[in-house]
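Pasting the structures in now, so scroll down.
One chain, chain A, appears in both complexes that follow, with chain B as partner in the first and chain C in the second.
Then we have the complex of A and B:
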């Protein structure tokens, strides 16, 4: 595999962009930061598939395409299916020798939002992982259905207000906890599963390269702050990600072969979750005295999850 | 740095930004799009794209490189090469692939694809910042002339 050097940013910046501008994602959207980074961290040919979501509708505004690689879109839920079909076709044609360039390395990547990964496309994703296709699935987790107006998804954390879990006098927003997708995908026996964030670009690029290199289905959940639905200024995308990672709302870790858990980033100063919640409009109501207990609950959940991750890292189970 | 050097079409391929992407244009409805259509991003051979710079590529009209979103912007980033330390933070976090970097050097901004989100200004580590937001109608020369002085660290 032709790897772009990611030793430092200067060397990384010599790679040629294969994700073009003039897509119609919101200004300051983290989706394109993540996609650009994936496409820049390798020189191999890529076959990309995308679920319906912000990324798909914004990068394929007919008659334009923002992708300098092969890109397929079929339905809302089946990026994993279409890319696994492409991968099998490539394998067979390589065996028969009917490809134009038989030796050119090709990597298969599927992108999905959190709605199409956690909820709608989960069955298809699970099937593709069970069949052990050689591809990398990247979930761009912005914790709601941002494309259709910010409805709740099963990735929305407890306490967040969305257009279908509205906070008010009788409700504090969503009442259920977020689904632990990383553990679920690791339980499929995937060789590489990770949770990464775009503010630590080197860790993310390393994770992407590792996933592309690894044979078999790999899953990466990336945090993608959504300025429109999380309600913050577009310029704060990176600082919000910093807060998310440093408050351990999104711990960065990888799970190899379903049991070998490594924590990739331990913040020097762990921030209180209030700092992260207070920076966004969707948690504004939690700071009212009647909903204050939800913040304590979120903090307690985070502490428990972090302790559990550390125990898993030690125990290797 | 003179205004001529801060060329608005820096490193532009002749295809760049020819189509305006905005409300009011002739958009295609969902039932007008050709079913199963294939849009080639390049004219001719595209097998070596990973090793080509944008200005060397043979983009087709279907590539969004040939579209522009400059009309989305109300504020624009202005780049001051004298202060820049080429850390490339802006390059890695620009969501619109609008930072023009060649041979480890930051050269300028692609104003056809920039949406003015201000992320590059936020992540710039220099003092004063080498990227600052100015109003869209502000002249580049005037903007560079009004660049702030280095801020001294406040003693606690």
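Then we have the complex of A and C:
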């Protein structure tokens, strides 16, 4: 397949641009960075689907569209199904010779937010992976239902305040740990699963290219800092992402064929998680004396998870 | 190339088998399905055609009916021919995406083997699922036996995919009574069926990258109303295409379909209106009533959406009293079918008397005697010049007689 070789940001910024700059995502939203990276890392034709969410409501408001490629949105939950069925239709029409251009290479990509991926669309995602369709699913994980005013999802970390897990005198915010979606998707036997971040743009582009090149269902969870609901300045999106990956709150790794785990980024100086938490309004209450133990718990969880990832990498199982 | 499946001039097929043979002959590109009683054999039969190489297309067995229709939408937007089948709870689970399919103007053909909606759980036939679909923006046609399930499934592809229509279409048949009853069916030859159905010429093909398309955009108060109005107009404007396809099918097979079908209606004074298998029973009852001197006739709704108001007025212009049969729980109102017929009669010159019979829920039988009673009550109404019973009555129900609403009209 034809993949644009990308050497530097300048070259990348002028590469094949099928996601238009004109959209209504919040200033500082990482979604557009991630989507542009995906759209720019291949020269192949793209059929893109999206679940309902921030990305969808901000890029296809009639009579406008930001998508200079085939694009479909049905509902909150079914982007994996619509694009995988389109992929099957492509296979049939190629065999029957009814395509406009029978030889043009095509890739199939679905985007979903964490709400649609971890929660309401999980069944559809799981079904499409079980059926081994050849497509790539990218989760834009901003850890809440940002499109509808910041409600908690099962991707929201413990301790975060959201509009439905409200921190106050009687609560430190969300009580439960984030669902481990990467392991769950790897357990489907997917040939390629990864967690990536837009601050490491080369690594992210490489991961996207690997997913597109790999036959079968591939899943990538991308951290997408949300200035509106995480409460930070729009200019700080990338520095917040730096804190997320350097504190190992979002470790970057891949899992091949459901078992071969490779850590993709090892911070030279691992930051304390409170540096990451302290930079966002959604964790502000954790710095009160009565809730400090939650910060300790988050740090402990991170340390244990990182140790487990390293053991899995060594064990190759 | 697919292995040739031999069909005889006359076959003994049930409704499910007939529908699955229509899908095979229509050379559907992608079937996305999830099985549910009583439509399961359509999906199973299709699976056996795949397993034995009788089709060139692909068959995707998904994890739910919602996913089945979601997949149909994705596949249809990708420009090929798409069909599926469902019933009852599966249909209910599909409802969210049924609206999306019609809103995106995708010509998907859905075979609905009608079954009651829980609770209480029930696998038998009634029309609750058909009625649930009536506002989804789909065309709806009703088959009363296996032959019709086959014929109308073939016609559905022609109608739905026609560029003047571009709407999804449901072909209904009654659960078990039609779907599981083997009858004589006269199929077209594979070649004739293929020629009749033709090939799909997609509009807004997602796989034509020279002209990128955006499916499923958002519209708010500025444009949503215009989109829905246009969709409604497309449904209303589908009539000439439906009639043209029915005429072509008649020329090919001799079998005639009309949007409203009338039996013994030339001189009828009273009639029963219905759809599904009950139409055939009502015709038997009407013949018996005629022997007793009642000028009885039967009107059948072939096309439920778009609803044929004008044709109904024409067929019913000389009738004095009409019994409208609804095979669905009315849930606190008159039956939905009654309301449609009443709307047509309210604006007719003759303004006949119209009463409502709720019957057959969850597969409860309706006997010839039950239907004769309806005719007798219509005759009493016609003689009296007003409605002599409750306007809405439940037929063949255990316990004391159940009825609602008195007429204020004399």
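Criterion: the second predicted complex is superposed on the first by the 311 of 317 C-alpha atoms of A that agree within 3 Å, B and C clash if a C-alpha of one lies under 4 Å from a C-alpha of the other, contacts with A are read in each partner's own complex, and residues count from 1 in each chain.
FYI, contacts are C-beta pairs under 8 Å (C-beta built on N, C-alpha and C of every residue); 3 or more make two chains touch, one makes a residue touch a chain.
Just so it is clear, the model here is predicted, and its values are computed rather than measured.
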Will chain C clash with chain B on chain A after the two structures are superposed, or do they fit? clash
Applying the document's definition of touch, where does A:157 land relative to chain B and chain C: first, second, both, or neither? neither
A:124 in the overlay: touching chain B, chain C, both, or neither? Say first, second, both or neither. second
Applying the document's definition of touch, where does A:104 land relative to chain B and chain C: first, second, both, or neither? both
First (chain B), second (chain C), both or neither: which does A:63 touch? both
Figure out whether A:251 sits in contact with chain B (first) or chain C (second), or with both, or with neither. neither
So, A:239: does it touch chain B (first), chain C (second), both, or neither? first
In the superposed arrangement, which partner chain does A:91 touch: chain B (first), chain C (second), both, or neither? second
First (chain B), second (chain C), both or neither touched by A:217: neither
Identify the partner contact of A:53: answer first if only chain B is touched, second if only chain C is, both if each is, neither if none is. neither
For chain A, which residues belong to both interfaces, chain B and chain C? 45, 60-63, 65, 67-69, 100-101, 104
Under the stated contact criterion, what part of chain C meets chain A in this complex? 29-30, 32, 56-58, 60, 62-64, 66-67, 70-80, 82, 96-97, 100, 199, 205-210, 212-220, 223, 227
Touching chain C in the complex, chain A uses residues 45, 47, 49, 56-57, 60-63, 65, 67-75, 77-78, 81-86, 88-93, 95-96, 98-101, 104, 106, 123-124, 126-127, 130-131
In their complex, what parts of chain B are in touch with chain A? 17, 19, 21, 28, 33, 37, 39, 41-42, 46-47, 49-54, 57, 61-69, 72, 86-89, 91-98, 101, 103-104, 110, 112-119, 121-123
Please output the residues of chain A touching chain B within their complex, sorted ascending. 2, 9-14, 16-25, 27-33, 36-37, 42-45, 59-69, 100-101, 104, 198, 201, 233-239
